[in-house]
Amino acid sequence: MTDEAPAEETALPDEKREALLAHFSESLGESLVESHLQPHEDLWLRVTAESWQDSIRTVKSAGFEYFGFLSAIDWDIAPEGRYEDTEFDSGLEEEDDEPVEIDNSTGHGGGDSRFQILAQLYSLSRQVGLILKTDVGEDMTVETIRDVFPGADWHEREAHEMFGISFRGHPTLQPLYLPTEFEGHPLRKDFPLLARQVKPWPGVVDIEEIPEHLEAQLEAEVMAAFEANGGAS
Amino acid sequence: MTTLLALPYWQETGIKLGLALVVIPTTSLILVYLFLFKMMAFMQSRLGPNDTGPYGTLQLIAEAIKFLQKEDIHPAQADRRVFRMAPVVVLASTFLLYVVLPAGPDAVVEDLDTGVFYAMAVSSLSVLGILMAGWASANKYALLGGLRAAGQLIAYELPLILAVMGVVIQAETLNLQGIVEAQATGEIFGFGGIGNPFILTQFLAFLIFMIAAQAELTQTPFDMPVAETELVGGFHVEYTGFRFLLFFMAEFGTAFAFSALASVMFLGGWWIPGFDVDDNILNVLGPGVMLAKILLVAFFIFWVRFTYPRLREDQLQKFAWKVLIPLALANIVLTGIFKVVF
Amino acid sequence: MTATSDREQMAYVSSQAADARVNVELDTGDMTLNIGPQHPATHGTLRLACRLDGEQVVVAEPIMGYMHRGYEKLCEVRTYPQCTTLINRIDWLGSFANEVPFILAAERLMEVEAPPRAQWIRTILFELSRVANLALFLGDMGVQIGALTPVFFAFRDRERVLNQIEEVTGGRFHPNFDRIGGLKDDIPKGWVEETRSVMVKMRTFCDEMEDLLVGNEIFQARCRGVGVIPPEVALGYGLSGANLRASGVDWDLRRDANPGLAWDQVDWRVWTHPDGDSFARYWVRLQETREATHIVDQLLDGIPSGPIMAKVPRIIKVPAGEAYLSTENPLGEMGYYIVSKGDLGPFRVKIRTPSFNNISIVPWVMKGVYVPDVITILGSLYFILGDIDR
Amino acid sequence: MPQLPGLIKGLGVTAKTAGRTLFPKRGWKTLIPAPQIGAVTVQYPHEKEAPPERARGVIALHEENCTACMLCSRSCPDWCIYIEGHKVKAPPRREGGKPRTVNMLDRFDIDYALCMYCGICVDVCPFDALFWTPEYEYSEPRIADLLHDKDRLGEWMETVPDFLDYEAGSEQKVRKVPR
């Protein structure tokens, strides 16, 4: 099963999603910037920020009327890394002294801005999911899709407090989770995670080496004891 | 009626008072232990309290001591005087109920001629206390609970009284001893061996009485005034310590009293088939018989309590006004017709 | 009063202060009732700020965040195997089911597939956690509307299922048993037989619930027609799981988007109910619990033999890419959107939890209901705080 | 309006459960009430529940096997394992060999106040030095006492149960607990 089945599956063209992609490149027209199709898995569409609400409407009218979620991604590289030893980060076994390459890729469907909004929708009749993305420009504002999918209300509030993205037309963008006096946007990559900063990583400790000037002496002591015991340790 | 012991008035009163102070806490203790602790636990595959005393019998005493140790807290916004008075009013209504409950031909605190009327009247006093508690607590949950209680208790007072009317018509007396006597001397189609417990002729009235009593006692399915999962305790949400204990005692004391009323009016009271109605031995055996009957009735009350979900306030009112009261009225009419015919 | 902000917040505070004086000056306007954060009906720390007109709700606004643990941020600083420890604690009643979509999404990015035996055992444990989770709901719904006994039955019988889960995974609540590429361990000897007998008991439990609650006229009077959610509204709010199916939408990810688990190997059906009210939600969950026991029974018969772990490197690095994968968890659709940059840990994880969407419908559905119905609806929507707040 | 059947069925269920709890025995013994047997609850201080062998109660350390490789400490999601060690010279394995350099464990602490009982440390240990035991009675009034050092962790080794056999069809090998 592990050997043949996947090969067969990938060989099959994903007609359902390809037809969808063709349909949307037509109906979305110029709003569609880029798309990505992972056969038998998912379909990504990236639309322009200006047409965000209209694109969602178009997609909804094409049968995608089940709202999954709405969220955002910060594509920045976290300045603190993963708060751990860099040696461990790059793997324990490997010995590569090359500087860590900074990966500026922005995922499926690409993207030009630091922040991206994404929404996931289902079409129940086709049994297909779809992920729509859009770049968030410098003004950090996109249109709300609350009027199209009422369920997006809370998701937008969450994205607002976590990333600082504003949604034009959303009446109550008050925090959903965080206390009133909270400052900053926790899911941004430059927001420090205090829990990992107040304490050193226990894994960074190394085993204490034998001091060089004692090495020969200790070695001799051990060998003497070994021989005294008749070779049985 | 002859008195059992010829004592001066003050001595008799003293004995009765002392008896009442012992009996009422004991009765609620018995009910709580048997039903709330043990029966409920068994119905839920548990053991219930079993560490304090043999089989956990002393658990309630431990709880009472715990309640007495607690700090007496008033909410800051509370109307203090009313807040303090409320549990006493509720408990007073329970105490007053016990006055007329007969346990033998002479074993009764006060044998009032209008015993049934009196019992119904004082039992509705408790709503006043509950309303006071709900209002004075300055808590929205308590207020809602108190208002619910007021609406509910008044609505169910009617079917309760109307159900009792059937019994009164049949027994031709308002005196509770008289009702027992009427059942003892009654006959079923000429057979007088077991007397005529009114549950047979007044079964409908018995059902209505039990349902209304369930509502009067604010037991599930009619426990909206306390409703733990909605109002987190309703009118007594702000009470702690011994004030809460008073509410608690009143709740179960009243349950005991209503079970006693039901057994007096429908199950033949303290009378044992084969004895004369004023046989002196019944003063000794009567309380035992009464207790057995009370526990049987209480068993049903609590069985229902542990099984059913609760109704909604509007459904409860609808049920009272549209179902119970017409039924009770029909029962009175029927009883009247039969009384005239036979 | 820490969860909301700004001017509305202040208006809210002052209105509350006015309400507190209710017995000082008689005010006949609306009253604000805070249900929670400490309240028996909120399963933790959800808070509902209800404006009441008498006992009727004018507006109900859920306020949460009392349990926000920031798992999306925490996952970013952890490796993939470490993430499952956190993910266990999202929906703590059906923990194993939480791990599965995350692991499957990571496997999809790595293009690894677990061997069939692992997939079967995963499915069995998945359905067992569904039974354990929904059993508690079936009893708890009774408590919400005043019946004391059902919840004790639920705890009693759920314990048996949890014991079975613990016997395999070692954890009653937080199994942490799923690994990328398979499972941590195989099932111990004799477990299959025991599980079968537990499933029989769970079916008895379902029958008991049917007699105690579903057939009970008081229960029906309390639940029928209360909190009706029409299908199009349910879809717009992204409701999932039994809440969606109770509105008559025939959608189950186990059948419609099976990510490779063994559900397509057994014979079962998706239960729907046309009414969309609280009773329908209860009824659908009851049927689903029973169906899950049948699924487990069938799966136990046909566990394939073989390894339980595919070949994966010891240090797991997930290739760059994005994947969204969701499964039909006890509460509804739980999905993980994983963005990987080829690191040891995920770059970003978006956790799509069912309860978050399910509860977002509360302001809509609670307009004009009575206070007791608030509790019924909350109970029947069935949320878990960890699942809302994450 | 309530009708009888559903309500009465419900009463039947609770009554049946009460009967089963109170009279769990069969045959003529049915008449002897034995709620201790019928109830499903475990009366904790008097009787103890036996968790399954795989239960994750507390972690035991087999110190001889530990090489202070730091793997567990580094893979802990909570950063709650603290290891310190130093290198020492050990005699050669066989005659004529050279002395080896081995790691000596100085400190091995697990802070159970932080531990999330995920079991990753036990999983990653390549030398069979960490084991789960189902023991659960080690609560402390002081939170600092929940930090178990290597002696305390070593004491748990006695309680480690043997690994269970696998169900038919498994290809896993049953591991052995070093004693």
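Read from first to last, the chains carry the letters A, B, C and D; within each, the first residue is number 1.
In the analysis below, a contact is a pair of C-beta atoms (placed from the backbone, for glycine too) under 8 Å apart; a residue touches a chain by one contact, two chains touch by 3 or more.
Predicted model, so just to flag it, every value in this text is computed and none were measured.
Undergrad: Chains touching chain B and chain C alike, please list them.
TA: Common neighbours, chain B/chain C: D.
Undergrad: Quick check: more C-beta contact pairs at C-D or at A-D?
TA: C-D
Undergrad: Taking each chain's centre as the mean position of its Cα atoms, how many Å separate chain C from chain D?
TA: 27
Undergrad: Return the distance between the CA-based centres of chain A and chain D, expressed in whole Å.
TA: The computed centroid separation for chain A versus chain D comes out at 35 Å.
Undergrad: State, to the nearest whole Å, the distance from the C-alpha centre of chain A to the C-alpha centre of chain B.
TA: A distance of 65 Å separates the two centres.
Undergrad: Find the geometric centre of each of chain A and chain C from their Cα atoms only, then give the gap between the two centres in Å, rounded to an integer.
TA: Chain centres of chain A and chain C, defined by C-alpha means, are spaced 24 Å apart.
Undergrad: When you check chain D against every other chain, which residues touch at least two of them?
TA: Each of 1-2, 7, 10, 13-14, 17, 40 in chain D touches at least two other chains.
Undergrad: Provide the list of chain C residues touching at least two other chains, using ranges where the numbers run on.
TA: 78, 149, 153, 156, 212-213, 216, 218, 221
Undergrad: Got the chain A residues that touch at least 2 other chains?
TA: 84, 92
Undergrad: Can the chain contact pattern be summarised as a line, a ring, a star, a complete graph, or none of these (other)?
TA: Per interface graph, the chains form some other shape.
Undergrad: Please give the residue numbers of chain A that touch chain C in the complex, ascending.
TA: 1-2, 5-6, 38, 41-42, 44, 65-69, 71, 73-74, 78, 82-84, 89, 91-93, 103, 105, 107-108, 118, 120, 122, 124, 127, 129, 131, 149-151, 153-154, 162, 172, 174-181, 186-187, 191, 193, 196
Undergrad: Which positions of chain D touch chain B when the two form their complex?
TA: For this pair, the touching residues of chain D are 1-2, 7, 10-11, 13-15, 17-18, 20-22, 35-36, 38-41, 43.
Undergrad: Which part of chain D faces chain A closely enough to touch in the complex?
TA: Per the touch definition, chain D meets chain A at residues 68, 70-71, 73-74, 76, 79-95, 99, 101, 103.
Undergrad: Note which residues of chain A are touching chain D in the complex, please.
TA: Interface residues on chain A, with respect to chain D: 84-85, 88, 92, 199, 201-203, 205-210, 215, 218-219, 221-223, 225-226, 231, 233.
Undergrad: Give every residue of chain B touching chain C within the complex, in rising order.
TA: 40, 43-46, 77, 79, 135-136, 138, 140-141, 143-144, 220-221, 223-224, 227-232, 305-315
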